[in-house]
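The two complexes that follow have chain A in common; it is paired with chain B in the first and with chain C in the second.
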Partner chain A sequence: MGGLLTEAFLSSLFTGAIVAAVPMLLAGLGEQMSEKAGVLNIGIEGMMLMGAYMGFLIAFKTDSLWLGFAGGILGGVLTAIVMAILCVRLGLNQIVIGIGLTLGAEGLTALLHHFQFSRTYPRLPAPERLNVPGLTDLPIIGPSLFGRHLIVYLAIAAVVVLALLYRRTNLGMTLRAAGERPAALDVAGGNVLGIRVFAVLFTGAMAGLGGAYLANIGAGLFIPFMTGGAGFIGIVLAMLARGRPLWVLIGSLIFGAALSLTTALQVAGSNIPTDVIQMLPFAAVMLVLVLFGRRAKLPAALGVAYERGAR
Partner chain B sequence: MTMETDVNSSSAGTDTAGVAGPVNERSALQRLLTVTVGPIVAAFLLSAIILAMVGVNPLTYYGYILERSLFSGLGLEQTATRMAPLLFLCASLIIAFRAGIWNLGTDGQFLLGAVVSAATAPLLVGVLPGWAVLAVGFALAAFVGAVWSIIPALLKAYQGVNEIITTLMMSFLGVLMASTLVKLVFRDPNTTVPQTRTLPVEDRLPRLFETSISSGLVWGLVAVLLVHLMMTRTSFGLRLRTVGANPAAASHAGLSVPLLTLATFGLSAGFAGLSGASEILGVAGNVRANWNPAYGLMVIPLVFLARFHGVGAIVLVFFYSALLIGSESAARRLGVPQDFTLVLVASLLICLGLGEYIDHHKRKKER
Partner chain C sequence: MANATDTLANLSPETGTGVIGVHGVTKRFPGVIAVNNVSLNFYPGEVHVLLGENGAGKSTLVGILAGLQEPDEGHLSLNGREARLASPSASLEAGISTVFQHSMLVPTLTVLENLTLGAPWYERPPRAEIAARMDELQRDFALSLPLDAITGELSLGQQQQIEIARALLRNSKVVILDEATSMLTPQGAEELGARMQKLVKSGLAVIFITHKLAEAYRFGNRISVLKQGALAGELGPEELKAMSEEQAVDQIVRLMFGRAAGATSSAHRKSSAGEQTVLKVQALSTQGDADVMGLADISLALRAGEILGVAGIDGNGQKQLAEALAGQRSLIAGRVELDGEDITGASVAQRRRKGLRYLTDDRLAEGSVAAFPISENAVLKDIGQSPFWVNGIERPQRIAQHARDLIANFSVRTPGETTPIGRLSGGNIQKLLLGRELFGEARVVVFNKPTYGLDLQNIEASRKRIAEIAERGLGVLLISTDLDELLALSDRIAVMEGGRVRGTVENDGSGEALRLRIGRMMAGEDENKRAAA
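Up next is the complex of A and B:
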């Protein structure tokens, strides 16, 4: 453990934190919109996994990362369509269907991967990176902050866009109304089910993109079950962020740092078993929930299907 | 967030709705078709489409599973043996769901129970009589399972933190913790692969009669039936169900909602721990590092299909167990990965939801 604070260790820690944070950030931002609109989207883990699989498959076949990201969005949205029909249109229990979608996506992607690649795990070529002259050459933080793929900066831009959307636009108000008082929105002429469907599909797109990032940039390959709870952590981020996109960003960086300790400690050659290190992000989530869980503010109608005229 | 342990919005009442009189007999049969048989058939059809898509003949696959798990003597015995841990998990979920708690952390509780029983039982052989070794193993497993649910339980009872997320997170932690314990603390020094010490076959749960069926099956059946009776026939069960149906009303009625919530978590997680012990003390004898059968989430649709009813759950566990045994063998013989059962379980959950939806709307029209 002697050389723990070397430049290589710190650099891989910072880089790892950002690489690990982006999928959670995207998932958290997506989940946040669903929750605002009153849908607790437990299926997000499944949407992410479908995005990871389709994103990887398309990037692998076409040699284009951007088409891969589009494929990830498509995979997430396709899964979200099932959720939107069953839980918003038909009003089925969001938790049961959410678990179903997650299990289904796990099984389906593992099955498809098996028949597509058998037991091989082909890799994508390393992604091209943004290179800001001067800044990228800074020690330690340079490569991690300024040498990332463009999608990372788009994800951060999404935080700003969403914050403005929630605060300054009618759409933002409508989303909130759908989650807090759907009946009032209905009376005011708003389309409760329509806005909820939109929110769920947006979640699918963001989660799918996050999954594609995880597979294509984070790992460079697809492994069945690879999301390993990142979607669920996204739910925690959305719950604790009290509706603010900026807090999702901060939270994802904290959990990303915890997650990247895993790889950084391995780089440093520590002999702690990986299982212990892999516990860090989940332990961090529990710690945050114990400390701040009470302050999580959730919309009044979260998890309740809206049916016009029902009690 | 309001808790609904039900696929649509009103199934706490379905138990009593079935006994409404002769006029409703035909509709009771219809209901059975829409909410039980229908979803199962639909789920198998939906999964058949997926099998066909990846180039596997569904008839061959389903036929193989039936033949392997139900129509062969050995297969049937394996199916019966595999039922034990699944039954304990059903008992765990019936308590939680009837009391309105989403315990999604059974995988972690199961594995920690398994590891603790595997770590202690082999050391006690020769020190204690055989039955006492097993009893201690089960008791410790139940205790450890329950301990692993304390944080979500306290957060839910006193802070109102949603237990879906906390139990899931504790489950991820528990799975990793179990594997860490096997590698670092309870590792058998005499083996090269990381695993716990092995309980000798003759010290495990006895087998039934002349078969290879583990008597864990009997304990599993007893557990489910006892839990069913506790939840439906005792005042304690009524208290738990009242909290599940309407916490505010329960509080007004003078029940201590936080204490009952803690009791629900403890019992439910305890049974999940017993489930792990039943697999170790009955069948496996030891825990290998990174072993995780992940039964927890898979049992949920069975418990929902059974409408939280013990006997119904037992019947469904039998068929699910057959599916597991068959698909494990099919993975080797037909080259279809076992992950396919996940697809089947997911289809079942979704079709079950649709069945409830259809039923709900039919009944609304009748009224």
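Up next is the complex of A and C:
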């Protein structure tokens, strides 16, 4: 096993962990706000996929990664608007609509991709990376920590910004009230449906951006169904993080490491069977759920549509 | 601005213009007219009591003033001008703050956060400013609150103070208190009464909703009585001052029920206890934990036709005892016998079939399924049993007929047996549940706080039924926190404290002396031990 810990193995492990973590981080942060406000957003996987498709398409047509990210956000938000209308405004069942959105987005993106590209999978040019003189040249952690695309650092900055927003402004309180006891927020003059719509659209934006990252930076191309459950892992992260953005970051890095370990182990040519290696991330999810799942405390009104004066 | 000041000065009973008014307001719900053509004016400087039974329309009126519902007919006025309150925020902007019967605080937020709830999301909670205002409120209204405590961890009385403080922080002109004393201790209720007087002295209008006559008289400057959604009468401040408490209560009872108050006082019941022991509990103990008190070494014997009262301050193990008897809570020691037969290991359903019935105090959550029609709730404890099910097939006709019988025999007020039970008032749900428990071969009925939360008329009807049940030869275990109720109905009274029975006394009608003895045991004095020593 000693031969495993080579520089190539560790470098590919760290790099892979961060690349895999960013989409889950973005999805998890989005889902966290939505869950705080009482909306269980199962459609997040669909929002991510729409973001990946639109993000790739726009980046491919315009040759601009940044426009691609904007397109990803747009794709996610458009999907989230459907969710906001059906689940928040009309009060339909969040789980059914969420599943419907995910399945719908899977079908729609696969269909559109087939129309445009048939069976070809065109690639984007490799993204430009940040280059911090000195730091990027450090062994092992250099390229993985300091040689990433700017969007990675923006995602980590979002953790700090959200944590401050939740703690320092009334935002966190308003969201939690909407998720714990929406009637109390309503009679206090707050806008329950408004804050919930905002939270759902924010989730869409974050998930769409995560999807765009997955397609444009992570893979450099769009393949139907490429999110492969990253949005669902975002839901798990949000549930385990108990409202703290920092925990979403830590959780996404752990899952990211588990995911990249599969590639890293294969690169290192270990003699562990591939099937076992590929099982690792999912075993990690189960292990974490067994260890910490009981402590996940969810808002009391999570998943319950709010209707004024209902009894 | 000058105009506004003029208007404010004109808000008085003399001009007939209130700070808010309802004018010919009617509100209908499916099958019920909740509020029927009610006109009222509320004036600054007055505690205006809205008094009425459950289902008299008080809560609907509160909902209309709080902007949760809009009237079907009639209109509201603010400072004499016609106005609409289409949403809770419209009501708040109009200077109306409502303290609802069920707390409208978010339990997981801190006190400070609940005080600022509803503020724009991008702002920071103005902690220093609120702390300064809270100091003022503490001086003027004796409201003292720990700003950084988690709301759900505070007592109900403190939580109510948060809601009152919130109303004052918003500079409200009108404060509505909906059944505000129902969750307070008697002392807490007195404090609230004093606080309301301080509020009106500072120029606010207070609307106080209650179904307790004595509170209405003691705390109110003006009393409006509602009956079945309509205004039955009003006592103004001068009238009230001129009356003694008895005269006022007498007058109000006449308005509420159309009969004199003398009829409501219940004399001690004549005993119908027989010789045969129907329920015997020996050294029963249950496991306790941080949230639920355990029971220790409880022994009781109940004879046929006897009412055995269980007294005690709420939360001293009474509910656990009821659940243990019904088979809903497992024992760690002890033995329960019904008619001489050991039923310690029997399941809930077996005990029910053998004739041990339990009427829970939690009518909505535990006693019924709110969304189900009355008919299905009537057979909820007999699912799969004949005659309502035959060979596993449901017989809807028989169930509907059974429900109609119960509705008629127990005078349940409902549009029909298909109405969801959650739409009925507490008293009517209680009647139906009682009918369900008495169905078939009942031997022993365990009542847990049977009259809790009911209005006067239903309380009296329930007590009469409990007495009748005992007269029919059933054993009745009556758990209650209302000592008057126990003294009026019971043959003997067991007193619980800290999960133990501190003593059992004969209800010999000795009045104050007996009360004092029971009170001492409620406070934890052990009569069993004293007798043994």
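In this text, the second predicted complex is superposed on the first by the 301 of 311 C-alpha atoms of A that agree within 3 Å, B and C clash if a C-alpha of one lies under 4 Å from a C-alpha of the other, contacts with A are read in each partner's own complex, and residues count from 1 in each chain.
Going forward, a contact is a pair of C-beta atoms (placed from the backbone, for glycine too) under 8 Å apart; a residue touches a chain by one contact, two chains touch by 3 or more.
As the structure is a prediction and not an experimental result, all values here were calculated from the model.
Participant: So, on chain A, is it clash or fit between chain B and chain C?
Facilitator: fit
Participant: Is A:T174 in contact with chain B, with chain C, with both, or with neither (first, second, both, neither)?
Facilitator: The second partner, chain C, only.
Participant: Output check: A:L209 vs chain B and chain C. Expected answer is one of first, second, both, neither. What do you get?
Facilitator: In the superposition, A:L209 touches no partner, neither chain B nor chain C.
Participant: If you stack the two complexes on chain A, which partner ends up touching A:A183: first (chain B), second (chain C), both, or neither?
Facilitator: In the superposed model, A:A183 contacts chain C only, not chain B.
Participant: Using the touch definition from the top, say if A:I58 reaches chain B (first), chain C (second), both or neither.
Facilitator: neither
Participant: Chain B or chain C: which reaches more residues on chain A?
Facilitator: The partner making contact with more of chain A's residues is B.
Participant: Which partner chains sit in contact with A:A80 here, chain B, chain C, both or neither? Use first/second/both/neither.
Facilitator: Neither partner.
Participant: Contacts for A:F115 in the overlay, against chain B (first) and chain C (second): which applies, first, second, both or neither?
Facilitator: First partner only.
Participant: Once both structures are overlaid, what angle do chain B and chain C make about chain A, taking C-alpha centres and a multiple of 10 degrees?
Facilitator: Between the chain B and chain C centres, as viewed from chain A, the angle is 70 degrees.
Participant: Does the superposition put A:I95 against chain B (first), chain C (second), both, or neither?
Facilitator: first
Participant: For A:I195 in the superposed arrangement: first (chain B), second (chain C), both or neither?
Facilitator: A:I195 sits against chain C, while chain B stays out of touch.
Participant: Once both structures are aligned on chain A, how many angstrom separate the closest C-alpha atoms of chain B and chain C?
Facilitator: 5
Participant: Is there a shared patch on chain A that both chain B and chain C touch, and which residues make it up?
Facilitator: On chain A, no residue contacts both chain B in one structure and chain C in the other.
Participant: For a test of understanding, state which residues of chain C touch chain A in their complex under the given definition.
Facilitator: Touch residues, chain C against chain A: 63, 66, 68-69, 88-89, 92-93, 98, 100, 103-109, 113-114, 116-125, 166, 422.
Participant: What does chain B use to touch chain A in their complex?
Facilitator: Touching chain A from chain B are residues 1-2, 4, 6-9, 50, 54-55, 102, 104, 151, 155, 159-162, 164-166, 168-170, 172-173, 176-177, 179-180, 183-184, 297-298, 300-301, 304, 336-337, 339-350, 352-354, 356-357.
Participant: Inside the complex, what are the residues of chain A that reach chain B?
Facilitator: Touching chain B: residues 40, 42, 82, 86, 90-93, 95-97, 99-108, 110-112, 114-115, 224, 228-229, 232, 235-236, 239, 273, 275-276, 278-279, 282-283, 285-286, 289-290, 293-294, 296, 298, 302-305 of chain A.
Participant: Give every residue of chain A touching chain C within the complex, in rising order.
Facilitator: On the chain A side, the touching residues are 168-171, 173-177, 180-181, 183-191, 195, 308-309, 311.
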